[in-house]
Amino acid sequence: MSTSLTGEQGLADAVKAAFGDKVVGIKSKSKRVKITVDKDILPDVARFIRDNLDFDHLISVDGTDYPKDNTIELIYHITSIEKEEQRKYILSLATKLPRDSPVSPSLIQVWPAAEYHERETFEMLGVTFTGHPKLEKLLLPDDWLDIPPLRKEFRLPGR
Amino acid sequence: MTSVARSLPFPTEVIVGDKLSISIGPQHPGSGHFRIIVVLEGDIVSEAIPDPGYVHRGAEKMCEFRNFVQNVPMLERTTLPDANGIIFPYILAVEELMGIQAPPRAQYLRIISAELNRIVSHLYWLGIYGVFLGHSTMFLWPMGDRELFMDLIQTVGGTRVTPSYIIPGGARNDLPDNFKDKALKAFGYFERRLKEYDRIFFSNPLVLKRSQGVGVLKRSEAIALGITGPNLRGSGLKSDTRKDEPYSMYETLDFDIPSYPDGDCWARGMVRFHELYWSMQIIKQAVEKMPSGPFRSRLPLLTARAPAGEAVARTEAARGCMSYYVVSDGTSKPYRVRVSVPSFRNMIGIPYLLKGGHLADVPAIYWSLDYWPVEADK
Amino acid sequence: MSLVRGVFVAFVTALRQLFRRRMTLRYPEEKLEIEGEGFQYDAKKAIGIPGYKGRHILFLDKCTGCQLCSIACENIADCIEMVTVEKKDFPAWVVPKQLAAAATFPQNKKSLWPQIDFGSCVFCGFCVDACPFDALYMTNEYELTSYTKEGLIFTPTQLAIPPKEVGKTVKFQVEEMEAYHG
Amino acid sequence: MSEPTDFEEFLKRVVTIVFWILLIVPIIVLPLLFFGSEILQALQLLVNANSIFILINKAQNPFLAFELMDSLGQGPCIATATYQPSAGCNPTFFRIVIFPGFTFVALLTLWLGWFERKLAAKVHMRYGPLYAGRISGVLQPIADILKLLGKELIIPAKADKPFFIAVPLLTMGISAALLTLIPLSERVYVVPPASASLGLLVLFAVLGFYPIIILMGAWASSNKFSFIGGLRALHQLVSYEIPWFLAVLGVVVLTSSLDPFQIVRAQSKIWFIVPQFIAAFVFLTATLAELERIPFDLPEADTEIVFGWLTEYGGMFWGILFGLSPFIKLYVFSGLFTILFLGGWLGPAFLPPEIWFILKTFVVITVIMFSRVFNPRIRIDLLIRVGWVYLILLAVINLFIAVGLKAFGVL
C-alpha cells in the first residue's frame, strides 16, 4: 500500500482504514497522532506503521499508571527517519493493560530499539513483555524487592 | 535470594574456556558511573553487556511531587554539561499543556542558552574522547577553552552549570549588555582554535588510525536501533530535530547539519566537531535577529496549573533528540513525566558496536557515542 | 609520507602553544572578577536582572515575612526556613538607618525572617523570583565553606550583611590566539 | 622574611625549610661527612703553599677534581674504606655510586620528571608543579618521594608475594646495570674503554630481561588488567626490538665496532645522524616503544586496562616502577642515541665534553618527552604492524645504505 498522506489526519485515516473497529481511539493534534489499540493487535499495528507508514525510529516506550481506571497505559512513541517529510510527526501507539496482570507482546521484533525501553518499563511499572529475550532489571538495584516504583501507590518517603 | 544471584550478570569464573571477562567500570578510568562487562577472546571482544543504573535517582518519580516549575532545577541536573538543552523540551511540553507561548525574544534567548550548552557539552565530550585515546593535550585544550563558554553561560544564566534559565513562559532574565561583545570575542578566538584542534587531533594520522573504520554503525542499523543525535548523523543521515521539526525560532536561522557517511568513531567525532562551529554561527545570528520586547510571560510560577491532557515535545539536545512526555491531571503538579534521554537511546549501540572490536577500542567506541551515564539513568 | 607530515603538523601545533600564556586561574591567590551585582528580580516589571547567583542578601527593611521564598523553595531544595528574630536580637549595624529608631520592624510585624541552609541550596534563584517585595537578592559571594554543617546555615543576621570584599581579582582575557586570566 | 601570619603559613615555611634541607644535605652535608677527613687534609695542604698550585691545576678540570677527591683517601674515610682501603686511589666505587653512576643519574632523572611535567603543562595551558620550593615547584620531586615513602606498601592478598616484591628491585637493578654502559666522555665512565669492546651487545642483552620481569610482575599481581598489560608488554617487545637492533646494526657496520668509545671516535668527521638518518628515526621510534611512552604506552594504557601491569603496585613500588626506573631508562636511551648518532661528547672545545654529552642527551630527552603532548595512544595491532612491516623495512633499507657506504669507502 503506497501512502499518499496529508497531515496528521491522513495518518490516522490510514490506520483506521487498515484495522477498522479494532482501533479503540485516535487523537490527533498538530504533528502528533495518538492511536490507541487493543493489545492483541499491537504487533500487527506496529508492523503496519513501520512498513506502510514508514515510522521506523522508536523514540521511547513508556507507561502511565491509572489506578482509578485500573489500567496501565503503555505507549510507544515513534517517528520517521527515512521519509523526510514525515520526520516532524510523532506517532504514539498506545494500549491499555489491566493493572493486575499487565502483559503485552514485545515489539522488539518490530523496532529493535525497544529492547532497553521495554526492560525499563518492566522494572518501573511491572509490565511483562512476552517475547522479550532478556527481561531483567536494568536501572534498579539487583536486590530491589519493593513494588515497581512508577506505580502510583509507591510513595516517596516523606511526601 | 536466588533471583539476586541469577541476575548478577558477572560470571563467577574468571576464565571460561578461552574467554576472559573483565569489568570496565564502575571504578575504571575508562568508564563513567557505568559498567560494561566485556568478554574477551584474545584481544577481540566477543560480548559486551552494559550495566547501567549506578546513578539512578528516579527523576520521573520525583517529578510527580513537584510543581511544573519546581521540576526545572531538578530535571536539569541529569545532564550537567547540557543543563539548558536537557530542560528545553520539558518547557515546550509544559507550555503546550498550559496553552501559553513564550515571547519571541525569549525563544531566541532559549536558543542562545541551549546552543552555548551544546558547545560546552561537545567540548567536554572532546576532552574525554581525547584522553580516552591517550591524547593528553586534547583533554586539556577543550577543558580550558570550555571556560570561555562557561563564562558566557554564567553571564547569561548566573551560574556556570545549572542556571535554571529557561522556564515555562519565557526565560528568567534578559541578556546583559556586554554579552554580545564578549561572545563575539570568544567566538573569534575559538574559531581560530578549532583549526588547531583539527591539526593536532582530528587530522593527526595516529588519531585517524585509531578512529577510522572502528565501531562502524551502518545507516540502516542506526535507524533500526533508534540511535539519535550526532551518532545518527555520523551514519550518513541528515536528521536533526532543529531541522525536522523546527521549534522555538530555529526556522528563522540559517545553519547546516553536518553529516558524515562513514559511521565510524571518526565520523561521529567530526559531526560534533562541526557542530561546535555551527552552534557559534547560530548564536551569532540569534543575537542579531533577536527582537526587543518582553522575554517572560506573567505566569504565576508556583501555582501555575495545567489543564488535563498530555503533550510530547522534543528538541535536539547536545547528545541527540531529547523528548518529554508529560501528562497532566489538572493540578499544579504533573501526573506523569517520561524523560526519554538520548543517552538511554544510544546505549543499545554500545554492546552492538563493541562486539568484534579490540579491547583497546572499547573506550574509543564507548565514548564516541557520547554516552552520559547520569543522563541515561535519570 | 602523509603520516610523517601529519605527525609533524601536530608537533608544530603543540610547539606553538609553548609561546602562549596559560589559561589557569590560580584560585586562592587570585580570584575571578564577577561582573554585575548578582542576580536580582524586579517584582514590579516581573523580570530578572542578570547577575551571578551567589549567596543571598536579605534587606531587613523590605522583608515582610510572607514566606513566599520558603514556599518556592519547598520542593526544590527545602533550604529556606522562616525563623523569628526580634529587632533587639539583631546587631545594630545590620539594621538599616531609617529603621534604627523604631522599636520593631514596621513591615514585618511577626518578625519572621528567612534562614537559608547553604548546605542544601542549589542556587537556582527561584526564591528571588518569588519575593514580591524585592527583599531577597543574590550576591557575588561564593566562598561559603565551613568546618561544620551548622556553619552553612545562614541566619537572617548573616544574610543581611553585604558580601565581603574579595582579595585580588583578575579578569578573564581573550585575545587573538590566547586566553588567560590576568 | 616577615613574621608568619597564621599557623598554616608557619607550617608552610617549616615544610619549605625542610625541603631545602633535604636538598642541601645530599649535596653538601653528606660529602662533608663522607670525605670530611680528606677535606681537612686538603685544607692542611692548602696551607702548604707548594701544593696550592697543584690543587688549583687539578681543580680547574672537573674530572681531575673528582680524581682529587678520590685520591685523597688515606684516612678513615667511609667511601674509600669500604672499597680497597689499602689501594687508596681507586675511583671505581665513586664512579659507580656517585658520578657518572647512580646518584648523579637518579638526581638528574628526578628533575627530568619535574621538567616533563612543566613542559607538558605549558602545552596544556596550565602550570604544573608550582608550590613546593617556591621557584615554580622545583622541589616537587622531593615532595613526591617523601609522599611515596610515607605510603603503605600494599601487596594484594592473592599476589605471589616474593615475585611481586622482587619485580621493583629487579627493575631497578636492570636500570642501574644499563647505566654503567653509558660513558659520559673519554675520561668519565663506569665501564672503562679497555673492557667496553662489547658495550652495545651487553646493553641489549641486559635489556632483554626487562619484558620478562614485567610479565613476572603482571602474573604475580593476579589481576586481570595486570595480566593483559604484561601480555601487551611482551607483544610490544617482539614488535620493536628487532628493528631496533637492525637500526643499531647500521652504525655498527659503519664503525666495525660495538664499543661506544670507538663509535664516538668514528664520528669526529660527521655525525651518524646524517648518513644514518633512517636508522635514527627507527631508533627513536623504537625507543618510544621501549620506554612505554605515548604513542606506545600500551602496557600502561590507563583508560583501557586501568594501569596495565602496574595496576597493583603502590607507594614506593610505584615510585620505582613508574618514577625512577623509566626515567633512568630514558636517560640511558637518550645517551645511547647521542653516542650512536649525535657524536657523543664531541663538540667545540669551549665546553668540556661531559657538558656536551649532557646537553645533547637533554635535547633528545626533550624530543622524546614532547611526543606525549601531540600523539594519541595507538592500538596493539597497529603497533605490531608498524614494527614488523614499516620499521623493519626501513631498518633493512638503512642497513643496505650503511653497507654501501662502507663498501665504497665513503665513511
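Letters A, B, C and D mark the chains in the order given here, with residues in each chain numbered from 1 onward.
Here, a contact is a pair of C-beta atoms (placed from the backbone, for glycine too) under 8 Å apart; a residue touches a chain by one contact, two chains touch by 3 or more.
Values in this document were obtained by computation on a predicted structure and should not be read as measured data.
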| item | value |
| --- | --- |
| Chain pair, B-C or C-D, that carries the greater number of C-beta contacts | B-C |
| Central chain (by mean CA position) | B |
| Intercentroid distance (Cα basis), chain C paired with chain A, Å | 45 |
| Chain B-chain C separation of Cα centroids, rounded to whole Å | 28 |
| Geometric centre distance via CA averages, chain D-chain A, whole Å | 66 |
| Inter-centroid spacing, chain D versus chain C (mean Cα positions, whole Å) | 52 |
| Contacts with 2+ other chains: residues of chain C | 7, 10, 13-14, 17, 23 |
| Overlap residues in chain D, where contacts from two or more other chains coincide | 123, 125-126, 373-375 |
| Topology of the chain contact graph, where touching chains are joined (line, ring, star, complete, other) | other |
| Chains touching one another, given as label pairs in label order | A-B, B-C, B-D, C-D |
| Complex contacts: residues of chain A adjacent to chain B | 31-32, 56-60, 62, 64-65, 75, 77, 81-82, 84, 87-88, 90, 92, 111-117, 120, 124, 136-143, 149-150, 154, 156, 159 |
| Complex contacts: residues of chain C adjacent to chain B | 2-3, 6-7, 9-10, 12-14, 16-17, 23, 35-36, 39, 46-53, 68, 71-72, 74-77, 122-126, 129-130, 138, 172, 174-177, 179 |
| In the complex, chain C residues that touch chain D | 7, 10-11, 13-15, 17-18, 20, 22-24, 26 |
| Complex contact set, residues of chain B against chain C | 65-67, 69-70, 72-74, 137, 144-145, 147-148, 151, 154-159, 162-164, 172-176, 178, 185-186, 188-189, 192-193, 196, 199-201, 203-206, 208, 295-296, 298, 301-302 |
| Contact footprint of chain C on chain D as seen in their complex | 121-123, 125-127, 130, 370, 373-375 |
